Each structure stands twice: as structure tokens, then as C-alpha cells.
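My structure is below; once you've seen it, I'll send some questions.
In order of appearance the chains are A, B, C, D, E and F, and numbering begins at 1 in each one.
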Amino acid sequence: MKVTVSRKAHFNAAHRLYRKDWSFEKNDEIFGKCNNPNFHGHNYELIVSVTGDIDKETGYVIDMKVLKDLIKKEVEDAFDHKNLNVEVLEFKDLNPTAENIAVVIYNKLKLQLSTHLDLEITLFETPRNFVTYSGK
Amino acid sequence: MKVTVSRKAHFNAAHRLYRKDWSFEKNDEIFGKCNNPNFHGHNYELIVSVTGDIDKETGYVIDMKVLKDLIKKEVEDAFDHKNLNVEVLEFKDLNPTAENIAVVIYNKLKLQLSTHLDLEITLFETPRNFVTYSGK
Amino acid sequence: MKVTVSRKAHFNAAHRLYRKDWSFEKNDEIFGKCNNPNFHGHNYELIVSVTGDIDKETGYVIDMKVLKDLIKKEVEDAFDHKNLNVEVLEFKDLNPTAENIAVVIYNKLKLQLSTHLDLEITLFETPRNFVTYSGK
Amino acid sequence: MKVTVSRKAHFNAAHRLYRKDWSFEKNDEIFGKCNNPNFHGHNYELIVSVTGDIDKETGYVIDMKVLKDLIKKEVEDAFDHKNLNVEVLEFKDLNPTAENIAVVIYNKLKLQLSTHLDLEITLFETPRNFVTYSGK
Amino acid sequence: MKVTVSRKAHFNAAHRLYRKDWSFEKNDEIFGKCNNPNFHGHNYELIVSVTGDIDKETGYVIDMKVLKDLIKKEVEDAFDHKNLNVEVLEFKDLNPTAENIAVVIYNKLKLQLSTHLDLEITLFETPRNFVTYSGK
Amino acid sequence: MKVTVSRKAHFNAAHRLYRKDWSFEKNDEIFGKCNNPNFHGHNYELIVSVTGDIDKETGYVIDMKVLKDLIKKEVEDAFDHKNLNVEVLEFKDLNPTAENIAVVIYNKLKLQLSTHLDLEITLFETPRNFVTYSGK
């Protein structure tokens, strides 16, 4: 019996969408006001979903407290109240679009989970925009 | 890397559930108070989800602004503050159930998207009732 | 000790904003697309708030079940899946703006409550627009 | 055309996470404060999703009213304002984790649905923790 | 310039509505299924609102982190994953209705705040039922 | 009959909490991680509430479209996708705490409203933190 267990978390961060190897004009054309050199920011709402068999002993797929602590260590402590472009290593040469942030979070958490567990990341950049990535 | 990008939108509309080729009694039996000949209405909340590869250049699956504008043109401008039965061509001979509205929206948007992108429509008729369609 | 007890409810209805004694042109100028003669509609979300002393015996200001049943009888049964302009007496000669609907609901419920209880009505016409009325 | 129709419902219940065949100490180690012998409780929010073909006649996958009544009978009447460990037969020897509750609800509802309909259960234990089960 | 600063928090708890000095029948008549002797429970969502002047130096009415820690210490640590009737002293002889819980929380927090700050407590017992108390 | 009409809006922005005339150490002590010199950011959710008499002619306190356009011009166009400290004049020498942002928004909108209308601003800095200001 495969069950998916999901946990919500959040972090607040500043970012700017642009490529260092493009001119300001090209960045402006493609990323518009998201290319503001002074940065803007978001309250990112995160849903981490882990799929696996229910442990017969405990009735858990994964202990929510373990999952909560893992998200805190790998995501919240690393991204919260940070400038993603300037202070988060993964985005040094990677444009911090919602898509790319979701992939980075997926990769960080996947490493910490048992290999028999599947993972899906849903990331809300705003209440109206969100992305989902499950490693496929 | 396949990522799903979702955008929320909404429109307010009146509708009536019934079939022209059924008697009022049969419509009443099947559709109950939704068959009110004077219409009733909803705030439809819409989630449009587009799945595809992340563009290596931009970090986008699809530019959210492009998606937002497409939804505005194809759905909001066409359905908002309208009577679906009376004023929206697609429902002239099609009962505007949430299921059928979702399929109509899917078909309208699918035509406008690159063929390598997958599409899923989630439509909330009320905060407690919603439907999902992905062309399968 | 004055405590306010609030209960949420909802109803779906069609309406049209206009005055019978104005020309279509004037209604169009003032009410825009809300003046659609074929009607549009909303999921109205309602919050009914009752303020009074805590009953020492029960610990209640008002039994939530009593309040829920009162809202059902006076508001949901009267307005749900109705066309407000055509089928609800109170709006025969009263434009069903959110403001006026809130006042009508206030007046209906106030009559049914003990005189020592204060009442406030909050009515969401959409998730982004709402009004509040407390009889002042 | 396969469409998924979803309906939200809820129930409030008390529970305790523990195994009768474990010592208090072991239960405490594994389940922490959820092992409180005096119980704690939740507002469980439930989403029941049914997938099938749209009926050409009605435009429905399943009548939402039928689905609502089914959830009321099988889930809300059985679980609401109950102590899951003490009063709900299914949890007599089954730890009422969110995972196990979702499986129990799935099994109860699946029996009542036509075999050509697929079912998925999403259960929120808190606004931040939820599980999903679809019989796989 | 008086500004109100609000912070959301939550706790999960079991409770039973009844009076020890009433018969089971009378409790059943007044409190219905909330009088279940085996308890039921809720996810209580709490909003703590503090009103005062903006400190010219900091731009704060109160540091949100201070408020968050205060709520954790006085409310979350005391009530979360508890049986309110059995384990929380304040409800030993006080019926834990939403109204009474709000008053108890108000009294606990008021003692810890500077006297020039006003306090209001909003407590959601369910997403549809909530109460507000401000010491008046 | 005084009715309050409320409209929700939002903007995304970067900010830093600090005083230019304090040392980094003092700013760090008071504002903690909000004092990040590289900025962080939020999705600010705004509720603008206008109180006045219902216009007998229209049934409106204020036309929601007028209010929506006013918020767009005075708040969204001015703050959205901006760095509040660097790019918004009002915060040149004013710490952009939620409290101060709410006061600034109040002052900008109050100037544009008829003097017989009362105004209240509610600003969510995160889904868990918000402030309210009504010019008192």
C-alpha cells in the first residue's frame, strides 16, 4: 500500500531573474520586472511529498517530525531570509526561477531520503503561481 | 527534467444545468436546484497546469506572464460575467457541468500551446467541489 | 465578558446589478459588465458574527448549532441556487450589490436574535471583494 | 474523456498514536506527544476524488450530491466527534495514523462505488500535514 | 499612531463539552455530540492581535519574534497535544468551549504584555466556527 | 447605514529592516535575520477597507472597480517587484517594517478618497504575520 505523505513549509527570500552572460536589455526583454537589479522577493510556500509503503509496525510512511526537521535543515535554514542569487551557492550560476528552485530542493532532499521513497516538490512562488517537480 | 507550472485564475458566471431535449420534470429529477430556469452562479477558480522541460536558457517551462495572458484571452474574457448557457457558444448544446466546462477550457488552451507541452485543468465550482481534466 | 462568536456559511446565486428606472446605457455606464441582462453569479461566502456575554452555565454566547440552523433557514434556504433579482423578494426593487445583500441578511437575522446580542455580517462576493455591516 | 471529480468534507475526532503491544516507553519514543494517553485531536479535512468517464447524458462523472451523501454516511457519520481509538471499529487494532485513516476511508468508499470509477483519498490531519492514497 | 500586529499560531487538542454538576442526560441535551465522554478534538487556529503605538526607533509595535515566543510558551506548550479537560488546569472546573478557551488565552497573554498594549484573541475551533475576545 | 467595503490586492517586494544610523551589530541585535544586507522578500497581501454610507442610487459605498484601480495606481505600481529600501521614496529614511508600510499605504490612499470615507489597511507580510492601521 503506497501512500503519499506531504508536509508544508515556507521561507522568505529575495531574488532576481537574469543571466549574467546576457545584456541588461536581453534580460529585461525576457524577464521584465523580475530582472530588477535591486531584487524583489517572495514568501515561498513549499509542499514536500514523500511516497512509500506504510510501515506495518508504526503505521507511518515516514515520521512527519523527521520530515519536518529534514526540511528545516536542508531548505528553511539554507534559504530563509536569504538573497538566493547572492547567498545561496546553488544559484550562483543558475537562474532562480521557481522551476529551478524546485529542482534544487528536490535534489537536496532526495539525497537524504531512503532510496525506496519517491519525492515530489511543489513550490508556490505566489498564491497564484506554483510549480511541481518529481524527478522525472 | 519535466516540471509542471501552474497558474491560478478565476471568473464569475451564471449557469443552469439541464438538457433542452428533456422535460422540466426529468431535468428537475436529475439536476435538482441546479436546474433553476432563472439560473444561479459561481465564482469559478481555475488552475491551469502546463508540463514540459525546463528551457536551459531561461529556466522557464513557460513564461508565467505568457500563460497568464493566454488564460485571460481564452477563458476570462470569454466566460467572466457571462451566462454560460446563453452567451458562450461552446455550451449552446452542451450542459455546463463543471466536468464539461473543464473539458472546454482544456480544448481551448491546448490549441494555443506548443505540442510538446502537456496540459491539465483544475476547476473549482465551489470551495468544496472541483474537477480535473488532462486530456486522457 | 463580551465574546463574539462567528459562523461561516455560503450560497451560490445569480444576480444582475442595475436599476429598472435607468436606461440600459446609464446602467452600463455605472455597473459595466455586472449589468449583463443575462445575469452572472457568485459563490457568496458569509460570516455571521454574534456578540454577547458568555452564559455562565453553558460557556456559550450562542449555541453554534442554533446559529448554523438559523443561517440555513433565513439565508441559505432563501438565497442558495436562486436568481436574486428574479426570485428573492427583498431585491425586487433593491439593487443586489454586496452592500445591499449584507444589509438584507443583517435585517433578517437581527429579527431572530435576542435583543441583547449584537450582530455583524461579512459577505464575500468573490475571494477578493467583501463587505461588512453591523447595523450602525 | 476521463475526468476527476473531487469533493471536500471534514470531521473532528480525538485519537492517540500507539500500539497496545508496545510498552509506554517504546510508544513514547516512536510517537512522542501523539502518544498522550488522554488523547489529543484534529479537524480532519478530507478530499474524495473520483475518476471516470463523463456520462454523455448528464455531463457528470458522478452526481456531486450522491458523492456528498456517500461521504456523509460512510465517513462523517462514522468518525465525526468520535474517539477513533475507542469508538471506531476499524482502529481497534490499527494505529490511527493519517496514513491508516486514509486507507480505511478508501476501503469504505471503494466498496460503495461502481467498479469502473477510480478513487483517491487526501486527508489533512493539520493544515500543514496531509496524506494521499489511491489504492496502489 | 496605533497599529494592530497579529500573529497566527495553532495547537491540536482533545476536549469534551459538559458540566460535572449536570447529569449525562442534561449535558447530552445541551452539548449534543460535543458531550462524547471519550472526547473529540480540533486543530485550533489562533490569532493573537496586539495594539499599540509604533516605536519610533524600531518601527515595531512589538517584535513579532517576541510575540511568537510568548504564544509558544503560554499557549502552544501548554495546550498542544493535550486533553484540555484532563490535563489543563484552567479547565478543571471550566467548560472548554471556544469562548472560554479564548478568555483563558487572553488572560494568560495579557499578564505578559506591557500594560499599554491592547490584546485581542481570535480562536478558530474549526474552519467554519471561531470566536473573538478583547477583554471587554 | 455604514457599510465597510474591502478589496484584496498584493505585491512582491524585497526589503531589509535596519536603521542607517545604527551599527550593524545593533541592527543585528534588534532585527536579526531581517537585517540581512543582501535583502530578503515577501509576497505582501493587502486588504483595503473603506467605510461609508451606501449610496441610495447605486447601492455602492464605493465602486469596487474604482477602488481596485486606485490600489493598483497608488500601491501595486509603486511597490510591486521593487526593493522597498532602495527604490521606494517613502522608505528612504523609514524602516520598512510591516507597521510602517501599512501607515505609508494608508496615507497614500487616504489622500485619494472622499473625506467622508473611513479607511483601514490590513497588510499580511507572511501568511502568519499581519498588521492593521486605520489612522487612529
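Going forward, a residue touches a chain if its C-beta (ideal position, glycine included) is under 8 Å from a C-beta of that chain, and two chains touch if they have at least 3 such contacts.
Not measured: the values here are computed from a predicted model.
Novice: Supply the minimal count of touching-chain steps required to go from subunit D to subunit F.
Specialist: The least step count works out to 2.
Novice: Computing the C-alpha centre of each chain, which chain sits at the greatest distance from subunit A?
Specialist: In terms of C-alpha centroids, the chain at the greatest distance from subunit A is C.
Novice: Looking at where subunit B touches subunit D, is over half of the residue numbers used by both copies, so same, or under half, so different?
Specialist: The interface is built from different residue numbers on each side, given that under half of them are used by both copies.
Novice: Can you tell me which pair among B-C, A-B or A-F shares over half of its residue-numbered contact pairs with E-F?
Specialist: A-B
Novice: As a quick test, compute the distance in whole Å between the mean CA positions of subunit C and subunit F.
Specialist: The answer is 29 Å.
Novice: Could you put a whole-Å number on the gap between the CA centroids of subunit B and subunit E?
Specialist: 41
Novice: Going through subunit D residue by residue, note those that touch at least 2 other chains and give them in order.
Specialist: Those would be 127.
Novice: Any two chains that touch count here, so list every such pair.
Specialist: Every pair of chains meeting the touch criterion: A-B, A-D, A-F, B-C, B-D, C-E, C-F, D-E, E-F.
Novice: Considering only the defined contacts, which subunit B positions touch subunit C in the complex?
Specialist: 10, 12-15, 33-34, 36, 38-43, 45, 80-83, 86-87, 126-127
Novice: Using the touch rule from the top, collect the residues of subunit A that touch subunit B in their complex.
Specialist: 17, 19, 30-32, 94-100, 102-103, 127-133, 136
Novice: In the complex, go through subunit F and note every residue touching subunit C.
Specialist: 1-9, 49, 54, 57-61, 63-65
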